[in-house]
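The structure under discussion appears below in the form of structure tokens.
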Amino acid sequence: MRWRIFWRALAPPKKRNNMMLRKTALAACVLIALSGPNMRAQNLPRTADGQPDLQGIWSNATITPLERPADLAGKPTFTPEEAAAYEKQVAERSNVDHRSANAEADVASAYNQFWYDRGTKAVGTRRTSLIVDPPDGRIPALTPDAQKRVQDTRAWMQEHATDGPEGRSLGERCILWATAGPPMMPGPYNNNFQILQSHDRVVILNEMIHNARIIPLDGSPHVASNIRQWMGDSRGHWDGNTLVVDTTNFSDEYSFRGSDRNLHLTERFTRTSPDTLLYQFTVDDPTAFTKPWTAQIAVTRTKGPIFEYACHEGNYAMTDILAGARAAEKKAAK
Amino acid sequence: MPKQFRAFLLNAIVAILCVGAIPIFAQNQPYKAPRAADGKPNLNGIWQAMNTANWDLEGHSAQAGQVVALGATGAEPPGIGVVEGGEIPYLPAAAQKKKENYANRLKLDPEVKCYLPGVPRAAYMPYPFQIVQTGKVILISYEYDGAVRTIYMDNPGPAPVDSWMGWSAGHWDGDTLVVDVTGFNDQSWFDRAGDFHSDMLHVVERYTPVSANVLNYEATIEDPQVFSRPWKISMPLYKHLEKNAQLLEFKCVEFVEELMYGHLRKQPSK
Amino acid sequence: MPVRCSASLGTIAAFVCLTPVYLPGQGLPIPAKAAKAPTSAPKNWTPPRTPDGQPDLQGVWSNSTLTPLERPAELAGKEYLTEQEAADYVQHLLQQVNTDRRDGGASVDVGRSYNEFWRDRGNNLVADRRSSLIVDPPDGRIPSLTPGAQKRLDENRAWMREHATDGPEGRSLAERCLSWTTAGPPMLPGPYNNDMQIVQGPGNVVILNEMIHDARVIPLDGRPHAEQNIRGWLGDSRGHWDGNTLVVDTTNFIGEYSFRGSDANMHLTERFTRVSPDVFQYEFTVDDPTAFTKPWTARIPFNKTSERVYEYACHEGNYAMADILAGARSAEKKK
Amino acid sequence: MRSYLAMAIAAAGLLVSAAPVWAHHAFAAEFDSSKPIKLEGTVTKMEWINPHAWIHIDVKNPDGTVTSWMVEGGSPNTLLRNGFTKASLPPGTEIVVDGYQSKDESNKMNGRDITFPDGRKLFVGSAGQGSPPPDGKSDK
């Protein structure tokens, strides 16, 4: 039970790596924004309270991967021509409407392209990774302890993959969505979130999986350290025109790319134009990572509304997966 | 300076000072509760805490319940905690016992067996209670298990015997009802998390009206056998405003008979 | 689950009159006690008032008395006793229920349970020497049950006998610490802990019975009874003032509760009238057309006491329930 | 002069006295009238609890070993009203209990009679608190 970690979804065994890459990292967006000049501070829309207005429905869909792919090592940005070529290549590679000759690959593609909403563009800065620090665009190495923990967890998950619900990923269990965070990452579909502001609260409502974070801006301290939550405990403040959100108190069972309960996540939201936000997050967890790391994602305004994503309520898949495993066992026993 | 003008100036200064002072004065003035017939603050009414202190006085995350069949209805709701300073200052041996209590809470929590809740737990059980106030006694009737306490406003002397709900002596400190409670047995718990006490428990409760429908409730807890120092919990209590609000019966004894005596039930002959 | 039995119907007849005994000799030292207040009412006495102007019934009161609820058969036709008759009767009763007696054989002896010093029955009849607490009907007896109620009662009794030690449901409501026969409502005298406290708040009256820490908070604000499907062991009480008399109407009794054969339709009316500094008259009327062939009324004086009401945590210390069932299981094993 | 009534009720008396005495529970259900038992022992503690008080005693056996017994009494509230407190029966007090063993044959019994070794009753109080005085007129 202790190993209820969703590592499997995020850093799955090698064999599934390509598929995952296709599904999650090949995101894109209808992005126009960051190509234009940033808004001047005085032109920023303001709420009635005078705070920078971040409200609206936003999408972080992009095809730019979190980490810089090995074949782009040493190349932090594309030229415009390279970016266009990359977008084309990704679009072809990720088109699941192509039926693969290999049945296993075919079943992994799951269903038609029209179910997806990955975006088709690289981020406007033409960066080759969302990670901006360290400069190599890669997640820093895990500490030896964290490495061991991650390996143990992975091994446990592999061994118990269909023994019970605990062997499935948190996403499959409808407990937490890998890309809904915090931090929020682009995913293959439903990359939408809504921001609402009152005078001392900001709400971030993520469509996946109907998670709403209500973030106090009133200077109140974090909750007691023994209160642990899947989404942690967030406190916000304004740094000029930037909303800064600090999140701690993550559940022991939550792990973002190898993080542990000591994760201190800092998110920064800056309105850069009427239709764009710059979203930046820094992961600081000295017991898990050898150094902090930071990613940036351009977020664009999108059409609402946010629809209900009642994950658990319709989760026939969990029953099917476990029932399938039991049926296989019965057959093997004969 | 003409006399009249001087008088005018003086009046003007006084007026300005007063006008300026009013809002400040109003802000600092503590809430003055409405009075009962005897001139004391009126605490009469049906009250209830709105928190999860009964699950755990300390801050706590949500977690699965102890009974699989109950699913989400039996799960434990989270809470930010009501203990001042965050942690209950247990002595080392007592901290160990609390851990054991917690591990065996389904078996050991007196609430599971429908036992009387004790004090202060009665105040933050997830059930309403009613204060009925008179000059000589203040009675508190709790919906949970029909528990009841009489608070003697004339000093009742020492408790003759130990009891679940203790022996309550009250007095007024300004608008605050202060209740000194002693004479406890060592059977009740403070919450479902196994927080406990010995028969040396001494509780001082403070009920302070802070607005028309809110009492601030504080309890200072002292027990030299269990805690390294006195500690305090505090929370608001809210008034029930429903039309015709009343306590109903929650006589839970009948609901626990199978749990407590089922193993002694006659087995059907085979 | 099968029928639950009504409140101690099987054993109720037995405690009609139980008594204290003053024992010579010395036991453990007793601290000094407060002197009792005088009890006779001054002439032209006006009841005191609470600060908000209601007749003041507050305090701790006891209804201990040896007078039986129903007139015993041997006193038929004799509504009042003479002083001599009353003295003889008291003496007889005291001897009869004296639990310090050891005669009569082991099965009687075990039933007497323990020494008299645990009890507090009162040692007198009601002051007017009426021979029953029931004042109406005039024969001082509970009216007969309707055929339907009689059948129900017989069935319950038979079920209780048959399943006496099968599980907790075979025991009386008092043994289960669910409802105390004498705590009511209505309130009757019993062998011990006959104390109750009245507290009057604005718009309500609380009747706190020591047995078994039952507190009734009774609204006086004219609101209607709780809806019909809300049922309780203590029913649902509403009060109002009729001159200097507090009148309390109680309905909504739970189906498992039965007062001397009553059912869920019982309408109980209690009247509290302060008649002197130290006495209030308590009168109750049982009206339940599906159970009794006519309504009936009893009257019991409550006397002021300087004592306090103590906690009676019945269920918490109820070793007896486990012992009774364990005894039955052990007897089965032996067979 | 005895009244005619006294004669009548005396005749009825035997019948009535055989009926069980009402209390919290039926004693014959818990205790076995065929197992009378009389013990002298040392109080180790008294549980001042309802519905019945329980006195714990240690009884020395002839071979020098000690057996612990639990002895059931009545509601302690009556004793409280008579001025006793939880300090009234200190551990170490020698008492004699005469009663019946419980039906489950554990070391429990009802304290039918509880006395000091010299025969004095353990608790003696003034019963009848709150009952109307013989000459009370208040009922009229």
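Order of writing sets the labels: A, B, C and D. Residues in every chain begin at 1.
Note that a contact is a pair of C-beta atoms (placed from the backbone, for glycine too) under 8 Å apart; a residue touches a chain by one contact, two chains touch by 3 or more.
Small disclaimer: the values here were computed from a predicted structure and weren't measured.
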Count the C-beta pairs in contact for C-D and for B-D, then report the pair with the higher count.
C-D
Would you mind checking which chain's mean C-alpha position lies nearest the centre of all protein C-alpha atoms?
B
Taking the mean of the C-alpha atoms as each chain's centre, how many Å separate subunit A from subunit C?
70
What is the distance in Å between the mean C-alpha positions of subunit C and subunit D?
21
Whole-Å separation of chain centres (CA-atom averages), subunit B against subunit D
38
Calculate how many whole Å lie between the centre of subunit A and the centre of subunit B, each centre taken as the average of the chain's C-alpha atoms.
44
Can you list the residues of subunit C that touch 2 or more other chains?
165, 177, 308, 310-311, 313, 316, 321, 326, 328-329
Counting only residues that touch at least two other chains, what does the list for subunit A look like?
none
Where subunit D touches two or more other chains at once, the residues are 80, 84-85
Which of line, ring, star, complete or other matches the graph of chains that touch?
other
Residue set of subunit C touching subunit D in the complex reads 8, 11-15, 18, 20-23, 25-33, 39-41, 61-65, 72-75, 78, 81-82, 84-85, 88-89, 92, 95-97, 99-100, 102, 104, 106-124, 126-128, 130, 164-165, 171-172, 174-175, 177, 181, 190-195, 210, 212, 275-276, 278-279, 281, 301, 303-305, 307-308, 310-314, 316-321, 323-324, 326-331
Can you list the subunit B residues touching subunit C in their complex?
36-38, 42, 44, 114-116, 130-137, 139, 141, 146-148, 150, 152, 156, 160-161, 163-165, 187, 244, 246-249, 251, 253-254, 257, 260-262, 264-266
List the residues on subunit D that touch subunit C in their complex, please.
1-3, 5-6, 8-13, 16-34, 36, 47, 49-54, 72-75, 77-85, 88-89, 99-100, 102-106, 108, 110-114, 120-134, 136-140
So in the complex, the part of subunit A that touches subunit B is made up of which residues?
223-224, 226-229, 251
Which stretch or stretches of subunit B touch subunit D in the complex?
160-162
